[in-house]
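This structure is in structure tokens; I'll ask about it shortly.
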Amino acid sequence: MTVSYTAEVATSRGLGCFWKLLFRWRGSIYKLLWPELCLYLFVYYLINIIYRTSLNDSSKSYFEKIVLYCATFSNLIPISFVLGFYVSLIIKRWWDSFSSIPWPDNMAFYVSAFIHGQDERGRLMRRTIMRYVNLAFIITLTCISPAVKKRFPTLDHLVEAGVLLANEKEVIDHLKTPHPIYWMPLIWASSICIRARKEGRVRDDFALKTLVDEIAKYRGKCGDLFNYDWISIPLVYTQVVTLAVYTYFLAALMGSQMLDPEKGYDNHHVDIYVPIFNFLQFFFYMGWLKVAEVLINPFGEDDDDFELHWIIDRDIQFSYLVVDEMHQEHPELIKDQYWD
Amino acid sequence: MTVSYTAEVATSRGLGCFWKLLFRWRGSIYKLLWPELCLYLFVYYLINIIYRTSLNDSSKSYFEKIVLYCATFSNLIPISFVLGFYVSLIIKRWWDSFSSIPWPDNMAFYVSAFIHGQDERGRLMRRTIMRYVNLAFIITLTCISPAVKKRFPTLDHLVEAGVLLANEKEVIDHLKTPHPIYWMPLIWASSICIRARKEGRVRDDFALKTLVDEIAKYRGKCGDLFNYDWISIPLVYTQVVTLAVYTYFLAALMGSQMLDPEKGYDNHHVDIYVPIFNFLQFFFYMGWLKVAEVLINPFGEDDDDFELHWIIDRDIQFSYLVVDEMHQEHPELIKDQYWD
Amino acid sequence: MTVSYTAEVATSRGLGCFWKLLFRWRGSIYKLLWPELCLYLFVYYLINIIYRTSLNDSSKSYFEKIVLYCATFSNLIPISFVLGFYVSLIIKRWWDSFSSIPWPDNMAFYVSAFIHGQDERGRLMRRTIMRYVNLAFIITLTCISPAVKKRFPTLDHLVEAGVLLANEKEVIDHLKTPHPIYWMPLIWASSICIRARKEGRVRDDFALKTLVDEIAKYRGKCGDLFNYDWISIPLVYTQVVTLAVYTYFLAALMGSQMLDPEKGYDNHHVDIYVPIFNFLQFFFYMGWLKVAEVLINPFGEDDDDFELHWIIDRDIQFSYLVVDEMHQEHPELIKDQYWD
Amino acid sequence: MTVSYTAEVATSRGLGCFWKLLFRWRGSIYKLLWPELCLYLFVYYLINIIYRTSLNDSSKSYFEKIVLYCATFSNLIPISFVLGFYVSLIIKRWWDSFSSIPWPDNMAFYVSAFIHGQDERGRLMRRTIMRYVNLAFIITLTCISPAVKKRFPTLDHLVEAGVLLANEKEVIDHLKTPHPIYWMPLIWASSICIRARKEGRVRDDFALKTLVDEIAKYRGKCGDLFNYDWISIPLVYTQVVTLAVYTYFLAALMGSQMLDPEKGYDNHHVDIYVPIFNFLQFFFYMGWLKVAEVLINPFGEDDDDFELHWIIDRDIQFSYLVVDEMHQEHPELIKDQYWD
Amino acid sequence: MTVSYTAEVATSRGLGCFWKLLFRWRGSIYKLLWPELCLYLFVYYLINIIYRTSLNDSSKSYFEKIVLYCATFSNLIPISFVLGFYVSLIIKRWWDSFSSIPWPDNMAFYVSAFIHGQDERGRLMRRTIMRYVNLAFIITLTCISPAVKKRFPTLDHLVEAGVLLANEKEVIDHLKTPHPIYWMPLIWASSICIRARKEGRVRDDFALKTLVDEIAKYRGKCGDLFNYDWISIPLVYTQVVTLAVYTYFLAALMGSQMLDPEKGYDNHHVDIYVPIFNFLQFFFYMGWLKVAEVLINPFGEDDDDFELHWIIDRDIQFSYLVVDEMHQEHPELIKDQYWD
């Protein structure tokens, strides 16, 4: 469900290209922020109306003093600073998470190159290894992504989808362990490689080592995904940032009230009813915080989260294509036009 | 179309070297910013003329209050902060994108070193592998770069250019897949290597592994390029930054108006008609944002984007040169002058 | 004891998801900060009551001047800046420490793949190698983590737990060295691999090299853990940051006192008894510092520290499972449903 | 020409060690800044003298208002921010450039270890490979460094220096290509390795692979150097930063003028003739920008640029020493004093 | 001499754990700063006493204006900013330097695993290789660390210490080269490996490659240490930061003087004799700069520098232990308690 807009901003001409992005809805700040903004406006104008209509003079005066107090002291907390550092951290983790997604492409390359044999057993081995590799990834995802968990709530759903066979499910069911079992299919894949070596389908020991290395690397990436899910950014950091932003705007609800210009308070010489800059500030800081909210777990169902279903489908299709259909085939060798 | 200026700033002497860069046009801030600046100046002076000529006293007074309000509150949004973090992020991605461009140099080294045979079939194999490698890169680029897409809108254009042969195009056309097929030539290249091993042209298994490893690494880099294109920086971040800068200058259109010095407003003691610092500020912040606009997709046609056409041509020429013309040749071994 | 909350913030809907995190207790800022906050409030109101009740006019006046002095000059130290950089540094180290935790998974893969033999001696070798690998990790942890040290205060406790055998303990006891001996079991593991090669259970030299490489890599990670413990962030940096925050709030105890509004001091036009923003500021900066306190040594017993006991138990169970029970086994090869 | 001062600051005692660095001239801020500072002072005092002596009262008054205007509004541009981020970026690139300098040390190790044969042809091969490796580096440098270009303006100068032989120069001359040809000697080196393998001087295929791998790695580093030269930091970023700093000080020329204290302007209560803090600020910001100017191309002739001539000479001497004089020799094996 | 305090801050309870660090002396900010602080206080109070006692009214008035001028304008230089970026850079380099320290552990692993032979010559080879490896490290350190240079001022001291033998010293003495010779023992180590291969003590070519690779990696790390020493952070950057901090406090000596409250200057309503916040600010910024002073060369003799003597002794002891005493030995294989 990723929102790609790179093509739209490839070339900056005339008035630039970023303003075009302001009119998007999917994954946009407007879509994310409108509930908060409505709530904020509602409370703001509620207070505003009370001030304008219901208060007597002494209450008004007291109210004004509180507004001034709020306006002065709400700057004590430097939210721009903490947001800058916090969002940088989140974005780094977000991209590292993405980079930890294991792709079966190299595995498919090696399986196709090193496991020989055009007979049925050869095909079976190659296909099964790739199935196991993808299975390991999917099991990993069911543990960390609510979206994938919905698609495959139990092992039976995996059997139905054809990535797990009934006899394999039994093996998993028999194994009693409280720990995640994503590595299991990878052990099997490794065992099949060893068997293929024994049967001579893997021709040499380097090739076997290459295959086992690649499986180990793949497992490492699945493990990384787990770790990013397991070891969150320390709760206390997220709380500090969230509290800072929320209390700032709680204070701003009072502090940005427009006061009667006739009272002659500093910076209150005109009453334009809509404190446009305070609203923009809300938009700005809340939007910045939303960047963090959206990216802190990119395996969810936000507009900007990774398209895991697409990745799963593509991986499976790609794997079978490379190790089975296209196995060690290439077009006829013909001289190119620059031959001489 | 990259703008290289490193040679000009190699040595800092006298008054330094950066001021020389201010007189460049290609890729410069002036070239990028003049349309916005004109628009900004036009609107600024339109408002200015209205204030000076068309308003009566009470309107003027109200106008002045709004100007003061804008000048005071437009500082609520710390754009320097968010721009600093955002541009850092963009520049990191820009350089990472560049580092993901796969170069065929090492592949050519290995192909030349490990695929033996001076006969025609040997030459054919070496050339074809290198052609496939370059082909994979070009197909990748057609997906992510509008500039390269223009040059090779269809596979037929690749055939014309001689990097794809007609029989190979047929194979690709037969394959029905919704996913990008940039990896296909790499599979073929890998298959040719395996065939060369079978024919004894690749002498040993290490060499085969080295070749397949290098192809896998090359594919990994093509995949990275795809990912940088696919997973943009979250839209909401770009929107937050853009909105912040744009609204800041919308406010500044009012807030930087020069008021009648006789009214005695703070910081309005002199009317010099040209609020030079506000215009410089516009130049500065907008220019900083332009850095992001130019670099967010370096595969476009901005002055500062990567010179993909040059890279493609150089890669192909280099590949053939190394694996064919210069294949395993070296000058006669002669004693150097420090021999004893 | 890690606090995982990623699942709760997977998808941002409605009013977002971060506010939900504010109601957590374990690992929260409230749990960490309440003792300090109580102390701060106590002292604040003590001073406050003295000012309101016990001082005569001239003392009051002098007191007020000191309050104003504190309020003005406590901003001389930019704690937000130094905290931003310092916490970034701590978080980087925290994650690097986590990434240095060695997992026996790849070792188990390689041991299972490359050390053949279903007989008892084969099993014994595989199990012993994995036991040594885990032992090395546990010994490392006893040196750097008070939590693990409590569980295994002496080697005898390791013998009891079954990860060290009595005869091995004797060897360690005989070795007189003042340096940590975590690498010892890894030397043994390496020697067993060499013996296995001599006995033909490791079939080829690559495999032996792979095993020894992996052991060396594992040792490297244990060494990294040691180094992170040994080379702390320079004391002077931590002291500078701590002093800055503490003295800031010592000053704030005075500087945030609410003065009699009738005296007409700037920014003291209203007395609301609870200087809410100063308290929030305390919460904010102290909370930010707490992030550093919690993460500076993630091997302790804070709520947010790594769950070392869980890791140890999981590692041992996993190791035996892979190299013994599941050794080179895989489900029967059956055609998958997309076979044709 | 690097300025090393690490030894001087090894230990911080008494009043610290940094103050000692302030009295250096080579590579210092004083040496870099004095022309700008003189110019700045000259213009400052020119304006100052005009104000003090030549203006009548009304001009003076207008002048003073412009000074106040400049002093107020020159803060609109946050140069400290943009300089901080920009200089960080430059320094990162500077160190990455340095890390991309290829050292022939490992190559020499491998050549000495794996290319056997004490006869003349063996020596010739080893020496020639190392000469080619160094040649590739030097050719790379002539393209990116004006300093090295001066030393070797043409290939003939390389022939004279003995790193290129006449027959090799002919081969290069015959090759018509518009692209840089730094990789050519590396191709030759690789071909010689292959020939040595054929002649049995390289005993096994691993060794050959190791040699070719190392050559490929060396080429990669040369390519990196090229890329750092070719892909500059986007011009627009450098322009934005330069413009910001320059216009700031153009404004400061006016804004920091000392006004007649009798006029009673804010912050103008005393006239000390030398606005020391503004001059220090000039020193500070300009010095910070100079860091960028010096480091943006570290292959020039600044005091602080890399000592390329030293590196070239050391590399050549080292290479011949290792592969020829010390080839596979070591002192007699004698028991050390802790033998038992 | 590293100051480790990680154990003390493992768990944050009650009032946290950082305050405990404030009472340390070794490596503390107090120990580093007291000379500067004393000097600062002395000059401050000297000026203070002159102001209070020796000046007549007009001088006093002039003095006060200069104080106000200093107080206002000393903020022109944003030292917090530049310190933040500079210290980040220093800390990154400090940790990278530490990570470049080569450990002989892996080398010892490989030597023990791959160089067979229990006879005297086998032992001699293994010990000599490890001695050479450690020797290379020590020679490197004598070039970059004054502390190690003191311990081993000449090669003779190395001979005395037993890491260099007399006949080896002669070889080094005969070699006339102006360049550092740290790599020499590594060449010898590599030659011994090759000889061991010829004698059949190294069984296969992989093993030889592994050994030579590891020696090359070790040399790379020694080279990195050299480079960190050779290529300092550009002098101009260090000067800019130092000048900024020093001139700031020169100005603060005047600017923080407390003026007669009766004169009614802004922010000078009370005279408490001790400008506590200015002193804390001095502590803070100077302390921050001290972090840089201590870490810029971590091979010196500061309290917080690396314990090189300990590392050298441990490396030598460890090396001999692994390759000689424990060579290829492991405890008897016994079934563990979870066998079934």
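For this structure, a couple of remarks:
When the chains are written out, they are named A, B, C, D and E in that same order, and each has its own residue count from 1.
Note that a contact is a pair of C-beta atoms (placed from the backbone, for glycine too) under 8 Å apart; a residue touches a chain by one contact, two chains touch by 3 or more.
Just so we're clear, the structure is a prediction, and the values are computed from it rather than from any experiment.
Annotation of subunit B and subunit C: jointly contacted by A, touch as defined at the top. Any chain touching subunit B that also touches subunit D would appear here, but none does. Centres computed as Cα averages put subunit C at a distance of 39 Å from subunit D. If each chain is reduced to the centroid of its CA atoms, subunit A and subunit C end up 24 Å from each other. Across the assembly, subunit D contributes residues 32, 81, 84, 88, 206, 290, 294 that each touch 2 or more other chains. The cyclic arrangement of chains, taken from subunit A and going next to subunit B, is A, B, D, E, C.
Those residues of subunit E that touch subunit C in the complex are listed here as 2-7, 9-12, 14-19, 21-22, 24, 27-29, 32, 80-81, 84, 87-88, 91, 98, 103, 105-106, 109-110, 112-114, 203-204, 206-207, 210, 261, 267, 269-270, 272, 275-278, 280-281, 283-284, 287-288, 290-291, 294-295, 304, 306, 314, 317-318, 321-322, 326, 328-339. Across the complex, subunit B meets subunit A through its residues 32, 35-36, 39, 62, 65-66, 68-70, 72-74, 76-78, 81-82, 84-85, 88-89, 121, 124-125, 127-128, 131, 144-146, 162, 165, 167-168, 171, 175, 177, 179, 183-184, 186-195, 205-206, 208-209, 212-213, 215-216, 219-220, 223, 227-232, 234-240, 242-244, 246-247, 251, 289-290, 292-294, 296-297, 299-302, 305, 320.
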